[in-house]
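Structure record follows, encoded as structure tokens.
To keep things simple, chains are lettered A, B and C as they appear, and every chain counts its residues starting from 1.
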Amino acid sequence: MTPKICVKNLSKHFTAGVSTVQTLDNVNLRVNDGEFVTLVGPSGCGKSTLFNIIVGLLPPDEGLLLIDGEQQPHDHLLGQVAFMPQRDMLLPWRTVLDNAILAAEIDGVARATARQRAMDSLDRFGLGGFESHYPSQLSGGMRQRVALMRTFMFDREIMLLDEPFGALDALTRALMQRWLLEVWEGEKRTVLFITHDIDEAIYLGDRVLVMSARPGHIKLDKEVALARPRAPDIITRPEFVELKRELLATIEDESLKAFAAMNRSVSDKEAGGR
Amino acid sequence: MSRRSSIGRFTAQLFALLAIFVAWEWSVWLFEISHDKLPPLSVVLSTMWFDRAPLAAAVGTTLLEAVLGLMAGTATGVVSGIAFSRSRLLERMFLPYFVASQAIPIIAFGAIIIMWFGNGIASKVIIALYLSFFPVAVNTLRGIRSVGEGEIGLLRSFGASPTAILFKLQLPAALPSIMTAVRLGASLALVGAIVGEWFGASQGLGVVLLMAMFDYRIPQLWAGILLTGLTGVSLYAAIVFLHKRIAWWQVEA
Amino acid sequence: MSARPLPRSLPEGAPNGIGRVGRLLLLYWPPILAAVLLIAVWELAVWWFQLPNFVLPTPREIILVSLEDPRTLLQDTATTVGEAVSGYIAGSLFGLLLAILFVTWPSVERCLLPFYVTINSVPMIAYGPLAIIWFGVGPASKVVLIFLAVSYTVLINAVAGLRSCDPVAIDLLRSFGASNRTILVKLRMPASLPWIFSGLRVAVVHAMILAVVLEMLGANSGLGWSIYKATQMMSFVEAWVAVGASVVVSLIIYTIVTRIGKRVAWW
């Protein structure tokens, strides 16, 4: 089967002044059609950079990106993938409804049509009755749902979600995860989902990818052999715990490396300052 | 600012206004101030009532000049702010002068405008235009530049063209800072219109003030001052109202 | 209104030893280019369309005429600057004093501020004709109005600045047993300096505008008066000379105040 997304030998570095930082080093990954893949890694490992490249916001230094088996030049990617950044980035002057249709509107769907379509799915996103509220009147969880709805309304087969629940409290986050799975199971789109929470990664994903410390590459690719639909209490099951133990070991290793690197660069700076 | 304290401030202001009016009226009688120096308020008010038709016409003319100039200045200011945001070279070439214009009495150029465009309404509109133009242009650019990279990236990921990004993201985001500049521009436009009228005009608040000074008619002079204040406050209040309506999500103080 | 600051550092790879002028050119070539272009277009337009100099004198003519009679020009400039600066200094000091009174005794603020606001809600220039009747066509009428306008601007900014400091910091000092006066001198005043200087900068422009505009109403000498006379005689060159002088003078005073502000409130 041709994978929906295929990333081959992708590398990216940034230059800041005189120093160069290798952010991604030879990243390889594939996501199949209708698959939900989660990506975990220590902070600063280049997960968001990877996303920005797949979305088309950043050109890669080296490597290939294939969608449906076709190679994508960097400047053709914009508008092809439904992307949700870490912050909700709702526009304060637009109502819930108009924020939700923003992507569709830019895509060329007539406002009235888009609004009608959004009205029909408000309930599914738990926003029924809130269509004419403004973002400033919403809680964090609801804002995130509007942002998710905006991503879903942008009718693309591939969705990239960058830590969508990162800023939420634990309880809201658990509810949102359950809800996201429900919505996804209704639509079965291809999802690549960044998180730094291992429980979340296992609970949501068909497969979990672990990224290494910087320069980032895919360190581990682990199938999640848990049946769907998944009940919330699945996180206490032995298979889950066993998987978590294995992933934790890998990630902890990488986090320690990232931490050590951070300390090193700090002490370098201090030494340089003297 | 909470609603309650702003109401409190409003009441205090109203009270102060009344107190000033009462003090004015009584001190003239009490200290037997010559009416040539300071006529009592009652005399000023009766003068206003007596001259109500020409005074109303004067307010109308000046307000028209100021509002037309303000609207044209806002429009050209927004357009040049957008142009600056699109071209770094244009910005680096001209923005320093725009900023410097805030440090000089550009109203003095009004004299030259009058010589070019004559004594009609057009010259006053142009003065009001260029006075309000500079702050609006600078603040439009500031507002557009205040939009984060992330927001722009999100819209680009939806496949948005630069034009779509401008109209759906950057301009709406710049509205609060544009409206702040329009508030400033409103005061400047009114001053511009009045000073323009001093150089020669047939009607307007500036004419009322100037003629009263030449003819030494103090009650008329005071009527002109009070009406100028009233016009200024009303114009400002209208802009603030508009600001709260169209850019309600972020009203800068 | 702040602009994006121009890059302060040299572009990388700039040749060494290019000197101060060269460095300034490297940094500021776009605005200089704009000025050169503008002047070129101006001169060309006058020459091409054969514009008579009463419509648009060339920059060269303006400079030549201003050098013809430097005495009068200097005298006019001195009058205007004298009015602006004396009203400015007195107004700033008074505004600061009033601000300290307001912050120390809020009841004073509640009594006085509304009156100040009321007086200043009328555009200051509208009092111009009255000031001339009350205080004559001499400098006094201008100084009084400049004093009023400047003191108001400085007052509002200084009060906002004095109120701006962190209440936690005030509590901290209070817990050390600091008196109100100590808090004012050690904390509030330094914290308010940037605010005060931003008020002082805006006030420079107010002072210059009022001086020039009020002179247009009536005066014995001064740049505004000179502009007014020039317009009545339709003498474009002289109007340009006086307008140009007022611009230059204003920029100089503004720069001085900005420099002092950077020195005193460097953070």
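Here are a few things to note about the model shown:
As a convention for this text, contacts are C-beta pairs under 8 Å (C-beta built on N, C-alpha and C of every residue); 3 or more make two chains touch, one makes a residue touch a chain.
What you see is a predicted model, and the numbers here were worked out from it, not measured in a lab.
Set side by side, A-B and B-C show the greater C-beta contact count at B-C. Greatest centre-to-centre distance from chain A is found for C, with centres as Cα means. Each chain gets a centre from its C-alpha atoms; the one nearest the centre of all protein C-alpha atoms is B.
Inter-chain spacing, taken between the CA centroids of chain A and chain C, is 53 Å. Computed from the mean C-alpha positions, the centre of chain A lies at a distance of 49 Å from the centre of chain B.
A separation of 19 Å divides the Cα centre of chain B from that of chain C.
Those residues of chain B lying in contact with chain C across their complex are 12-13, 15-17, 19-20, 37, 89, 91-100, 102-109, 111-112, 114-116, 135, 138-139, 142, 145, 187, 190-191, 194-195, 198-199, 205, 209-210, 212-213, 216, 218, 221-222, 224-226, 228-229, 232-233. Contact residues of chain A toward chain B in the complex are 52, 55-57, 78-81, 83, 85, 87, 89, 91-93, 102-103, 105-107, 134, 136, 154. Interface of chain C with chain B (complex): residues 1-4, 6, 28, 30-31, 33-35, 55, 110, 114-115, 117-118, 121-123, 125-130, 132-134, 201, 204-205, 208-209, 212-213, 216-218, 223-224, 227-228, 230-231, 234, 236, 239-240, 242-243, 246-247, 250-251, 254. Of all residues in chain B, only 150-151, 153-160, 164, 168-169, 172-173, 175, 247, 249-250 touch chain A in the complex they form.
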